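Single-structure report; data block below.
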Amino acid sequence: MKTNNKKAWLYLLPTIIFVSLFSIFPILRALGMSFQSGPLINLQWTGVSNYQYIFTDPEFWRALKNTLLYAVIAVPSALVISIFLAWSIFSKIRHQSFFETMFFMPYVTSTIAIGIVFRYIFNGDYGMLNFLLRLIHFPAPNWLDDPSMNMTTLILFGIWTSLAFNIVILMGALRNIDPNYYTLADMYGASGNEKFWRITMPQLVPTIAFLLTMNIIGAFKIYTEVYALFNGQAGIGNSATTAVYYIYNKFQMVGTPGVAMAATVVLFLIILVVTFLQRKMMKRIGR
Amino acid sequence: MNEEKFIEVDNLQKVYEDNGYQAIKSVSFNVKKGDLVCLLGPSGCGKTTILNMVAGLLKPTSGDIRFDGKSIINTEPKDRNIGYVFQNYALYPHMTVLQNVMFPLTVGEHKKNKREAQEIAERYMKLTDIMRFSDQRPVRLSGGQQQRVAIARALVQEPKILLMDEPLSNLDARLRLQIREEIRALVKKVGITTLFVTHDQEEALSIGDKIILFNNGIVQQDDIGQRFYLEPNNQFVANFIGNPVIDNFEVTVEGGTVKGSDFAFDQNLLSEDRFKSPLEDGQYMLSVRPENILPVDEEDGQLTETIDDVELIGRECILKFTHDGHQARSLIGLGDRELHHGDVIHLKMALDRVFIFKPNGERVY
Amino acid sequence: MKKINFGLLLVYLFVGIFAIITVFPFIYMILGGLMSFQETTTIPPTFFPHHLQWGNYGKVFAEAPFAKYFLNTLITASVTTIVSLFNSILGAFALTNLRFKGKAVVKVIMLSLLMVPGEAIIFTNYNTIARMGLLNTYIGLVLPFLTSIFYMYYLMTYFGAISPTIYKAAMIDGASDWEYVWRILVPMSKGGLFTVGLLSFISGWNSFLWPLLVTNEDSMRLLNNGLSAFASDAGSETELQLAAATLTVLPILVIYFIFRKQIIRGVVRNDLKA
């Protein structure tokens, strides 16, 4: 067989063309545009002014702060809930695949459509959630129209949407654990708690680390959830703005593509660092 | 056309580029038309590498391979006119047996129409006795049946050369004996020149017209079966061939006497005509097949040993003993004498059948 | 006498509550889409509509071109899926079975591109499409998604699991690479290809940001964009919004329930290996 089969390039040609045009070129161009100002049709080189602009723009800092808030609250909460759900279903419930199918539904369904339902449920006047809260004499805030509540609403919605993926991946990892470990533990008389903390958790660590970083990266890319929940706005008075929202706004609405691309580059670098840290972490865990 | 040199492998060499490993150092051999030749050797000796280069699945670093006098070194595998039976059979799991056997006739530039392809395929399926599995998927078949499908598929293009890579290693022991006879009968019936790779000396001895024994990327001996046993080229061949394995005794030759630990004999007792080169003073290895070192009466004995263990193998038994820190064996007929663990025996070597090797493995006697 | 296991009860309660939280929005969406306007705004909230208002769906179709949205979405999701699958098959084959100079470099570049978030390139891609004059066209909607490094890598795990001797056997049997791909590789990886196809179709169906950027004519919108526009336009007519949302979600839910095993297994497989 040939050691240098030139025909391989023919098979890779479609991929290479599309990837160059729509992956490599846009990265380079985004990098270039981040140093340019003006409208799209008349860009001028202006050095690092766009970067200076975004780092002094309170709006950008708010986007980053919101993202951080989301990453620190929504991501771990969703992960803890997912771990307990996955473990409960896996070890205590008979109809595993039924529950798995049910819990995975949000992953395949349109965020926009689900956002409409949540807007209805979160509605301050006639929403189901506030009705239930009042029923048990809890305060019933105005989830959608009160700027101070917007991030809370987004985080709740975020937890709901991210459970699906987490649970399914965790279930997969749980199934991969050799059942002989449990048989052996039973023979030594380990309790359910001991089995969970001494066998299950250590085996799940790589998966949890993977989900944690995937979710954190996901937090930086949030856009559609916000759009869906606040009907095209980033919350009241942009209170729930995110990085991608900021970029979209600067690119499409305000017409300053340079600023948008500077923010893109920053976002890209942050994600790259998180990915890099994940790799290092996974390697250390793998050892 | 030279029938003796139907396949010519000339100075073949293979160095793996990625790690610089020299898998094949320099290998040359010829195969006669219609012969079944076994490429034998321990795992990692390079025999499969050679087969893959003959097939064109691997490119040699240097050297030449000629089929019927024509170099095929730059010919694609599909144009080499070969059939190949893989160790794991490599049957296409999504096709039926018939589709598997037909496949070579339905692809490439020389594809045949469906009816013709099926006719030819069925002819070879009858030959290998797999017609009744025609519509089944390979996974449903036993190892031996899959093997026959693989052979039928290899033969269906009516190649000039059949290459088989350890075709019996995935079968259980009993089936292996049966199939290897079937394979020999089949390739002789078809009259196809066959290269058969195996690590099993018994297999090679039983089916090969000729055996080429490899080790460390070179040919150790290229010969007919019994010569490996009677006339090994070197220490490696002597050690590799034979079951139970050959007994080796370190000896020193000094002033016409061959001295081992605890035994010695006069050099003149060796047969003059069996010397390959003169026996100079120095260190040697004296190798004796276990059936050539037998218990005798005390006064005739060269060695006196205590039996560690007696192992029965069918109608014979192996007496194991330790000499000079190494285990050695004597093979005797069952019932010749009642011997047990701990018994002291006296042994005598048939000096006209022993071999003497230099420390570098070269044979002297 | 058997003692009640409170721990187990707690576990059931926990799973039960979250099961309700997960499924409730879907059920509420379907039921809400069949309520009358009054029923959607009463306190206490209505759960089961008194009379199923099937007319809501009629109104949705009358007020916005949902049939056109369906068609647009179906076309873009299908074309994206088929073409990207085709390209991924060829690329994955080359990277799995063929030996060529530069293969390692190609692999490294592709792997690093895998880490680039789509959100970081989507706006410059919009600009490219705009300059090509492809805004509001099907081609513009699908063009950047006609190849997927992600799916190519995914397929490589399937192709790599096939014994390399199968490829060697095919070469000796006289098959060309092209014949190997379509007569052996593809039929042997049917399951994997099907799963990739499903995942690709679902993500195509649910795409939002890209079509939002490259379409502004109502006739070119995809379902999700149409839906969000409709939700703004329909203002307070919650029952119509919910009916429209149901329309968007239902086809995918049906596909999901039929092929749930393949879909879940597919998601787990590729992400555990990532």
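All chains are identified by letter, namely A, B and C, in their written order; residue positions are counted from 1 within each chain.
One rule holds for everything that comes next: a contact is a pair of C-beta atoms (placed from the backbone, for glycine too) under 8 Å apart; a residue touches a chain by one contact, two chains touch by 3 or more.
Note that the structure is predicted; figures quoted are calculated from it, not measured.
The count of contacting C-beta pairs peaks for the chain pair A-C.
Central chain by Cα centroid: C, whose mean Cα position is closest to the mean of all protein Cα atoms.
Centre to centre, using the average C-alpha position, chain B and chain C are separated by 57 Å. Averaged Cα coordinates give chain A a centre that lies 16 Å from the centre of chain C.
Chain A and chain B have Cα centroids lying 61 Å from one another. In chain C, the residues touching two or more other chains are 168, 171.
Counting only residues that touch two or more partner chains, chain B has 57, 77. Contact of a single residue of chain A with at least two other chains is seen at positions 1-3.
In the complex of the two chains, the chain C residues touching chain B come out as 163, 165-166, 168-176, 179, 183-184, 187-188, 190.
Considering their complex, residues 7-8, 11-12, 14-15, 18-19, 21-23, 25-26, 28-29, 32, 40-45, 86-88, 90-91, 93-95, 98-101, 103, 106, 110, 113, 115-121, 123-128, 143-144, 146-147, 149, 152, 168, 171, 177, 202, 205-206, 208-209, 213, 223-224, 227-228, 231-232, 238, 241-242, 244-246, 248-249, 252-253, 256-257, 260-261, 263-264, 267-269, 271-272, 274 of chain C touch chain A. The part of chain B that touches chain C in the complex is made up of residues 55, 57, 76-78, 82-84, 86-88, 90, 92-94, 103-104, 107-110, 153-154, 157. Those residues of chain A that touch chain C in the complex are listed here as 1-9, 11-12, 14-15, 17-19, 21-27, 29-30, 33, 40, 81, 84-85, 88-89, 92-93, 97, 99-114, 116-118, 120-121, 125-128, 131, 160, 163-165, 168-169, 171-173, 176, 192, 207, 210, 214, 217, 220-221, 223-224, 227-228, 231-232, 244, 247-248, 251-252, 257, 260-261, 264-265, 267-268, 271-272, 275.
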